[in-house]
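Structures incoming, each one as structure tokens.
Shared between the two complexes below is chain A, which has chain B as its partner in the first and chain C in the second.
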Partner chain A sequence: MQFGLQLLVAGLAMGAIYALVALGFVLLVNAVNIINFAQGEFVMVGAFLAYTFGVVLHWPYWATVIAVVAVAALVGIVFERMAYYPLRGREPSTFLVSTLAVSVFLRNVAQQIWGPMPFAYTEPFGQNVLKLGPVPIVPQHLLIIAALAVLVGLLYGFLFRTRLGTMMRAASQDRVAAQVIGIRVNRIGVITFMIAAASGAVAGVLVAPVFFVSTEMGFGVGLKAFIATIIGGWGSVPGAIAGGLLLGIVEVAASAYNSGFKDLFAFGLLILFLIVLPRGIFGEKIAEKA
Partner chain B sequence: MVKTATLKVLALTVIMAVVAGCGSKPAATSAPAATEAPKEPIKIGVVTSLTGPNAATGIQVATGAKLAAKEWNDKGGVQGRKIDVQVEDDQGTPTGATNAHNKIAASKPAGVVLPTFAQLVMALEPAVKQLAVPSLTSATGVAITKQGNPWFFRTRTNDEVMGKLAANFAADELKTKKPGVLYANNDYGKGGYAVIKATLEAKSIQLVGAESFNSGDKDFTAQLLNLKKAGSDLIIIWSTPADSAVIALQQKQLSLGVQILGSPGWGVKEFFDLVKGAADGQYGLVDYAGGSSDRIKAWEKAVDDSAKGIPASFVTGAAYDGLSIMLGAMNKVGTDPAKVRDAMLATQNYDGIIGTFSFDKEGNGLKQAVIFKIENNAMKVIKSVKE
Partner chain C sequence: MDRRSILGFSGALLVLLVLPALVSAGYGIQLLNMALIFSILALGFFVLFGLTGIFAVSQVAFWGLGGYAHAILTTRYHWPFLGGLLGAMAVTAVAGLLLGLPTLKLRNQYLTMATIGFAEAVRISANNFDKLTGGPNGIGRIPAPALGSLVLNTPVSKYYLSLVFVVLIVGGLWRLQRSRLGRAMQAVRDDELAAEAMGVHVTRIKVLAFVLSAVAGGIAGSLYAGLSSFVSPDAFTLAVAVQVTAMVMIGGRSAIGGVVAGAFLLTYLPEWLRDFKDWYMAIYGLGLLVILIFLPEGLAGGARRLADRLKRVKRPVENVALGGGGQ
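Then we have the complex of A and B:
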């Protein structure tokens, strides 16, 4: 019982991390309809920035988070100018290549700035552990789940309840028509990338105590978040959460059954969904992007 | 919908390509031979990870090799010739390693320092044979020196010896009755696991569980709890430094309460920098545990002076000692590869930084380990062991 409970907690925690990163994918799909292979690298950049502000400069946690969001938003602007703006309106494959290129670029820039040695960032809880009866719980995991809930709420409200969010979705569905009715699609692109980079960087601050800070920390989690996005439903906010949590739990269950099978099950789940339910759990019901 | 589906297919294709690696390039033939002037510098090539997942460890190889070359240059060179070190990045992939080795081969090196990761060295095996110059490695995978390739020289204790020493310590000193093993699912981890299992079974101790993980995994809860549930009184963990730190942190957070004996990945500076005390009370074994002698202190300072922030680890030391031995051999017999090889094989009881080197005929130079206990986030040496 305790064994099962501990596994469930671990699975939910990893799942929440995947979901957190998957939100960035969802945002970009909704707003500019591209897949950003550098989303995991935003996580890495966020973690390194947190190390710089929090550990090197000794800033308090709240100031670190604000500074990370601000710098990451700037990175988002540069990213948009490099990998999206010059290529806008091209084939989707163009962006796969350009974002993949920027992902390699960001990793190498990070190594030039911070060096190849990994860092520890343990804010805000240190190595403390909570005890829920006999089950030890890592407080950072609770923070990640809470942050996921808050970010989901913000993103959902933004995309579906604000004017800017509606304009974003309109621009994604039909760029030309959106321009015709007066939406400044280029400016919307910039804002989207700022938010995507900032949300990825916040995920980086949150996972740094779990993963440690290294140039390679982002790619794997980016890949898993991408799988979560497909499982959950392309461009769906609830889908990102469901997909992330499902993937996290399947991975832990697979490891418990036979630790050699973990990735086999994760990618097997992806293939299963692509065959049986290609729309994903919360996929679009109508072919609105035909 | 059509567009979205296309996008997904494309994305998956890209993932496949990235995950699988994009295929290897055929080996380029080396450049035309340059006529050798007598005082031309001696080229030493270094293939190591400067970027990629193993960069933190890989950069130590370059640091150690460069320091050895610098010391010879400061002394006036080898037979009056300067040492010219060329470092190429393997990016942590077999393809990258092959490309880096090709570049180095083109500049006709007299000797090569290879990566410190077994899977990369194994990928280079044919190229090393073709280049036919003495090639050093601190990778510990047993298979490397079993290829019948006369050019490999290993400057660390190999996994067969290290695994045996770990299992012996577990059985004889820690008195384990129900050991479990957690190992990385790669050449390094699997090799260690096989030796540990065989050594313990020879002592009539059966493993109660064996779990694996993929290098780069961030969650080890299931594996650790499975081993605990199986009733392990000791978990022997065979992992590289990057993964070791995450495992050490998680066993603490899970309040696992099972004694751990860690591989050399648990005895390096970058590990202690990350775990910050989470591994206190656990055991480990390593080729070299730093030193208190003036000579070693001076060397550690020289490493720090030559490359700020790069630790004076057994990886740095293995590259340093190895290249020092090779350059010493060249100083005696010149740069003819076969002569250098014979001179290196004849090396006995060379008093290096990380240990005393005596090469066997397969090119293994070191057969020792230091057992330590982790106290206050530092290694406390318990004893030195030999095979």
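Then we have the complex of A and C:
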């Protein structure tokens, strides 16, 4: 029971990370209809930046987070100019390769800047463990879960309560019609890339104390976020969250059973969903084929 | 076959035949061998991506499956080389069928994802099922390829063995591209709905393309096992899948010769960029992007455009369907 609760918290925390990264995925799918294979690299960039600001420069945690978000948004703009803008209008597989290319580029530039050795980053809680009655809980896990709740609230507020968010939803529903009524869809695209990069980078800051900070950390997280997107339902924002959380719980439960096969369970879950329920949990607008 | 293709094909073959004499005996020939193995992998991916328009990442998994099948059959059951090769082809054909049947009905991005999942699952399994695969240590002491009493235990003889397969596959694909089946594949690539309306059995064509590319992966794996006499999970990472994709994209996704050129180029690029060693992969990513942006039809498309401009003639319209690639 205690063990179960511990696993649940750890699973939800991992799931919240996947959900955050998956949110960026889904926003990009809706806004510009591309699959961003480099989404995980934003996580890596965020974690490395957090290390630089927090550990090397000794900035306080809140300042670190703000700085990471700002730099990541800039990375998002550059990313859009490299991997999307010059190629827009080409067939979808082009973007699979272009985002992969930028992902290789980002990972190796990071390796040149920060070196190949992994770093430890333990902000803001250090190595402390919380005692909830007899149950030891890692406080970082609780922070991650709370951060997801807050950020999802902010995202919904932005999408449904602001003018820009409304324009963004309009552009993702019908790009041409949005253009006709005067929405600058290219600019909306850039903003979406900024949000996607920033949400990935925040996930990087949050997950850094759970993993080590390394150039390899992004790829796995990105892959899991992609799985979460499919499990949750392609293009669905609530689906990204539900899929991420479900995947996190399954994965942590599986690793309690046998850690070597943890990833196998994640991919097993994916293939199961693809065969049994390819629309995912919150499947929408899947009707169009090809 | 028109004169230009005959000339190009025999010229390339001549170069490939004399190349081993021109490189250093140790590392040089090893690189050439890898370039041929990558050519076979990329040619398999060409059937899938270039001809049929399916973007799957499973090629590396079939390479791994083929390698392990060959390794297990020849070391544990002492099968001869050809038995190992046929076994690897059979295993990858069945695996391709089993993976293709459920996933090829999915839309493209799901398929890509499912195949990444499959590729990772194969690698993780190879890493963890120690009893069968030797775990992270892999399987060593795979016997050198032998045809009857002729043992091919030198790198140069292995090179010519691989070259035979590359030539056979290139020839087969050249025929395929111009056959009824190949045209059906290209119809599926260009417009799935239209192809279906014209009576092409889309799922059957896709599964067939998938199995063909899987078997090419199996052949490459089997040759690789015979070449290096050692297989381990490290050789079959997703980075290789990216590499193979880049080879086909850079070579020109609808030109067979371009695919082989792309495979050689990307096998040798690290050597040429050795001076930038640390920055090599970053430059590589950037270069891939530049080619995507400025040469949408790859090196082959770029070369063709250049030749046409020099001769100041328009390409005949009938080749549009075969040339592919849109634009």
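By definition in this document, the second predicted complex is superposed on the first by the 276 of 290 C-alpha atoms of A that agree within 3 Å, B and C clash if a C-alpha of one lies under 4 Å from a C-alpha of the other, contacts with A are read in each partner's own complex, and residues count from 1 in each chain.
Convention: contacts are C-beta pairs under 8 Å (C-beta built on N, C-alpha and C of every residue); 3 or more make two chains touch, one makes a residue touch a chain.
This is a predicted model, so every value here is computed, not measured.
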Inquiry  = According to the stated criteria, A:Leu7 is in contact with first (chain B), second (chain C), both, or neither; which is it?
reply    = first
Request  = Go through the superposed model and pick first if A:Arg175 touches only chain B, second if only chain C, both, or neither.
outcome  = neither
Ask   = So, A:Gly115: does it touch chain B (first), chain C (second), both, or neither?
value = first
Query = After lining up the shared chain so the two structures overlap, which partner does A:Phe226 touch, if you call chain B first and chain C second: first, second, both or neither?
reply = both
Request  = Kindly classify A:Pro278 by the partners it touches after superposition: chain B alone (first), chain C alone (second), both, or neither?
outcome  = both
Message = For A:Ile35 in the superposed arrangement: first (chain B), second (chain C), both or neither?
response = both
Inquiry  = Contact-wise, after the overlay, does A:Ser214 reach chain B, chain C, both or neither (first, second, both, neither)?
reply    = first
Inquiry  = Give me the intersection of chain A's contacts with chain B and its contacts with chain C, in residue numbers.
reply    = 35, 92-93, 96-97, 100, 107-108, 111, 223, 226, 230, 234, 260, 263, 274, 278, 289-290
Message = Show me the residue ranges of chain A that touch chain B in the complex, using the header's touch definition.
response = 3, 6-7, 10, 13-14, 33, 35, 37, 92-93, 96-97, 100, 107-108, 111, 115-120, 122, 127, 129, 136, 138, 210-212, 214-216, 220-221, 223, 226, 230, 234, 251-253, 255-256, 259-260, 262-263, 274, 278, 284, 287-290
Message = Under the stated contact criterion, what part of chain B meets chain A in this complex?
response = 1-8, 10-11, 14-15, 18-19, 50-53, 55-56, 58-59, 185, 211-214, 216-219, 221-223, 225-226, 229, 242, 245-246, 249, 252-255, 270, 273-278, 309-310
Task = Would you tell me which residues of chain A are touching chain C in their complex?
result = 35, 82-83, 86-87, 90-94, 96-98, 100-109, 111-112, 219, 223, 226-227, 230, 234, 260-261, 263-264, 267-268, 270-271, 274-275, 278, 286, 289-290
Inquiry  = Applying the document's contact rule, which stretches of chain C touch chain A when the two form their complex?
reply    = 49, 53, 55, 102-103, 106-110, 112-114, 116-118, 120-121, 124-125, 127-128, 192-193, 238, 242, 245-246, 249, 278-282, 284-286, 288-289, 292-293, 296, 326
